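Naming follows writing order (A, B, C and D), and every chain is counted from residue 1.
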């Protein structure tokens, strides 16, 4: 998809406002998944604003976000970075065959105690 | 019939870019009454004004329409031009084809069409204009300064030096304001007290200045040159003129656990107190909420130890009424509450403080006698993290903080960082910044010195979370330039809290009918050309009540406001606004409707003899407007059931003519 | 025959101290609103006689909006309170006459609210345009 | 006092304790919880996508049922609470609501009041009343409240408490006679569902929380979320992690009956 169209699509899905970002980096400062991410929350915002979206779509970073909303609540500009990360992930997993988790993967991930909640959440986040 | 000249201004390309000015001039030529029509690049320039004067003479004009910028900008200019040409200045009308036309419309055809209609409305109005002569009113040669910080002090001193009496109203027990709480000042690092306290003494000793401390403005009526102000002097339970400020009462007061406002609650004071050693007036004040004697009559020690006999537990609030010619607002600022930013743990740890608290911690007269010790355990901090922009530059949709840049934080943080490194070289100092903003004389050099000579570590990025754990504050932050998330174990975290106007400003603005912006900063009459005047005549602005400012800027504005006040007070008489209400006595039936709605009490009634057609005389009650008191709002004109009351300059037939012209 | 695009005719009365300054601020910030809006400056919103509004409708205006300082912030202390009460009466009378409620409006716009001014005018013009031409009070004899 | 009650799937299975003690305690406090009929799983997490309705339907149905019965809706599980409350908020947007309503064939406008069980204790019953009913105060017990992210954020929607310095669980702990332990990471994420994607990441996140609590002197951590409990325990929390309802039941003396 054309980068600008893709950007519009991400903004439409997320309802977030990357243009409001003032590059303070507070989202990345607060992110608990920072170390696991190749692209960090502030880079998601910045790269989406610049239409540089392909690298994000292909990065594992989109599966590392915990949707804990710390970046959303602490952002002084109301940008809502977590919603942008989710939008990128959705654009990826909505494509046929792009599910990040399948039913076949589940048995080896299970243990005695794991709550159902974890499974349904993971399915909701990683598959379509 | 009027002979009207129309002058269409291009305003460079500001108007001509979206309005075909020639077409406008051409179209208006055919309007009734118009005998001359012209256009010019800059109508407000000397050449433009001369063009108007020439045209008035050559074409014997009786009225002028200028199609240009907002009348709020240049109506006064063109009225003076008309006067110079021998016309009555009130024979001028402005069609606002810049702010309300060329700047808000993009398309030439639309802009031109609208400009012509606005011009037609102005022509229609001028056709009905009549020469007006303003009345005169005397000027009370005394100024009121509200707020006794550095802004109020400077303004008061300048006005008093020019020979006019000045009263300062200060809500705290002492003048001095925020500057009295500061340690050093940037970028020169002179000590705040050393440069402020002599000025405070000057104020106290100046024969033209009176200080009403512990007082508030209760009510303001009147108008420029003639304000009537009621000042509430709160009971301090100490006779100001008797107290010597010896401090014996403070020493003996048994209520010793009251949070000390002057040190931002970082230590305690007594119930009877003098805020700080250099306070002006140096008079004790009893905090009625804390004093046992006042609350339940059980104590009275201060009264016993006071050899001067200054204590008076029965003192009551006192209302003082005074007349003033001019009022200066200098209500200043406060740091915002950190409640909505507790990711920085301000409410969770004593060792997370604001920058103003840091000032007190480093001030020799502060709670630690100037030793930098952290509040929780009074140990020397070895790692300090400064966080900039806490609550500044927040988007409105984030629903916390302020949208504006607080302007002073970059510089005072550089100062704090530099002074810390200077005095305690063993201390690591980090400053997290989004941008470092240093536009000011010697400002950037100062900031660079902090980095280059003092080794302050500036890191571009924001702190995300401060987690108090044991004796440490675990700071998690962004280092954007290195694309890293960094973690620092700090001993002290200092937040550069956004500043906001003092809470007393909003109710004061209402009393003064002075306007404010959405952030509760006072608005200026013109953002560039009249920055120290409020749009309300006779009300002037000094210091941070108008917007965030550092000390040099505050002092410049304070002196500028004083100059404006002096310019007003030297006049013996002020020309009023001739656009006042007038009653047509033949139509008036004396019903009192107008009197009831008049906010100024400008309308009175008199009995007047009228000759009737049958040669008898009849006495009727009719309304009379006092033009010196009327401010020209027009409320009475609408209330009048018989249509006798009209407003000069905005008469019924004039406004109706404008409506007709627009709707044609 | 080509149908000309319908453009409503809107008269805006703005008080000198707040709303007129707000309109100027909208101009300073280059905030667009329809050219159909024509502003008449009055010292205070309470200067606006209901007669002026009726006159505008009589002469073919499609909408009339009245802007003043926020309640409590009137330059003349209390003028906008009079406005509020008077206009409540006038608007209910217009309602009785069958003039759509959306054709008239009172709005408080401060000198600092340029954006609000533009947004208000955009919204008002759009609502009035959607109602179409006001024919009920228009006096055709006034048109030549 | 009667409320509609949405337990959620985990509470019927791995987190039976959370549910059982919530019901027992409610009874003891004079509150009747009527389980939503035929409730469906909320999905575990809220999908922020503005263009998705399918993932929100089950929550809307529960909310609608509560409204039809005329009750406010009570939840216990943090995740369910977060999903249902965010969905409820989304339904206050007319455009979004019309899409969902068209699909569901019923009208719902986001007006059902949703309480988390803790809010029920604080706002409806009152912590002072809870305190009165405590027969077995947990004196001297040092308890670290663990909020996680779901109860507090996004604050604009959840509006439970100050998201950065919350008090509700602390007040709850005081009401049952124990001592709350302050620790800063009480509102940080445990790692959540990422446990399935990257066990190491979940371990880091969980340890950050539990170690902080231990270092601040806690003897036990309480939570309202089964996934938080799982992550903290699985990743080696040095102190036990239990549900707040269990503590409540114990304090009210209804744990064993």
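Here are a few things to note about the model shown:
Criterion: a contact is a pair of C-beta atoms (placed from the backbone, for glycine too) under 8 Å apart; a residue touches a chain by one contact, two chains touch by 3 or more.
All of these numbers come straight from a predicted model, not from anything done at the bench.
Set against one another, B-D and A-D show the most C-beta pairs in contact at A-D. Averaged Cα coordinates give chain C a centre that lies 51 Å from the centre of chain D. Between chain A and chain C the centroid-to-centroid distance comes to 47 Å (mean Cα coordinates, whole Å). A straight line joining the Cα centres of chain A and chain D is 24 Å long. Residue positions of chain A with contacts to 2 or more other chains are 35, 70. Listed for chain B are residues 343, 399, 465, each touching two or more other chains. Inter-chain contacts occur between A-B, A-D, B-C, B-D.
Residue ranges of chain A in contact with chain B, taken from their complex: 17, 20, 22-31, 34-35, 40, 42-43, 70, 74-79. By the touch rule above, chain B contacts chain C in their complex via residues 70-72, 96, 98-101, 103-106, 110-111, 113-114, 117-118, 121, 509-510, 513, 515-518, 523, 535-536, 579, 597, 599, 631-635, 637-639, 647, 650, 652, 655-656, 658-660, 662-664. On the chain D side of its complex with chain B, the touching residues are 156, 162, 164-165, 182-185, 188, 212, 215-216.
Interface residues of chain C, counted against chain B in their complex, comprise 9, 11, 16-18, 20-21, 23-24, 26-28, 30-33, 35, 38-44, 46-52, 55-56, 59-61, 69, 72-79, 82, 86, 110-113, 118. Of all the residues in chain B, the ones that touch chain D in their complex are 339, 341-343, 345, 347-348, 399, 465-470, 474.
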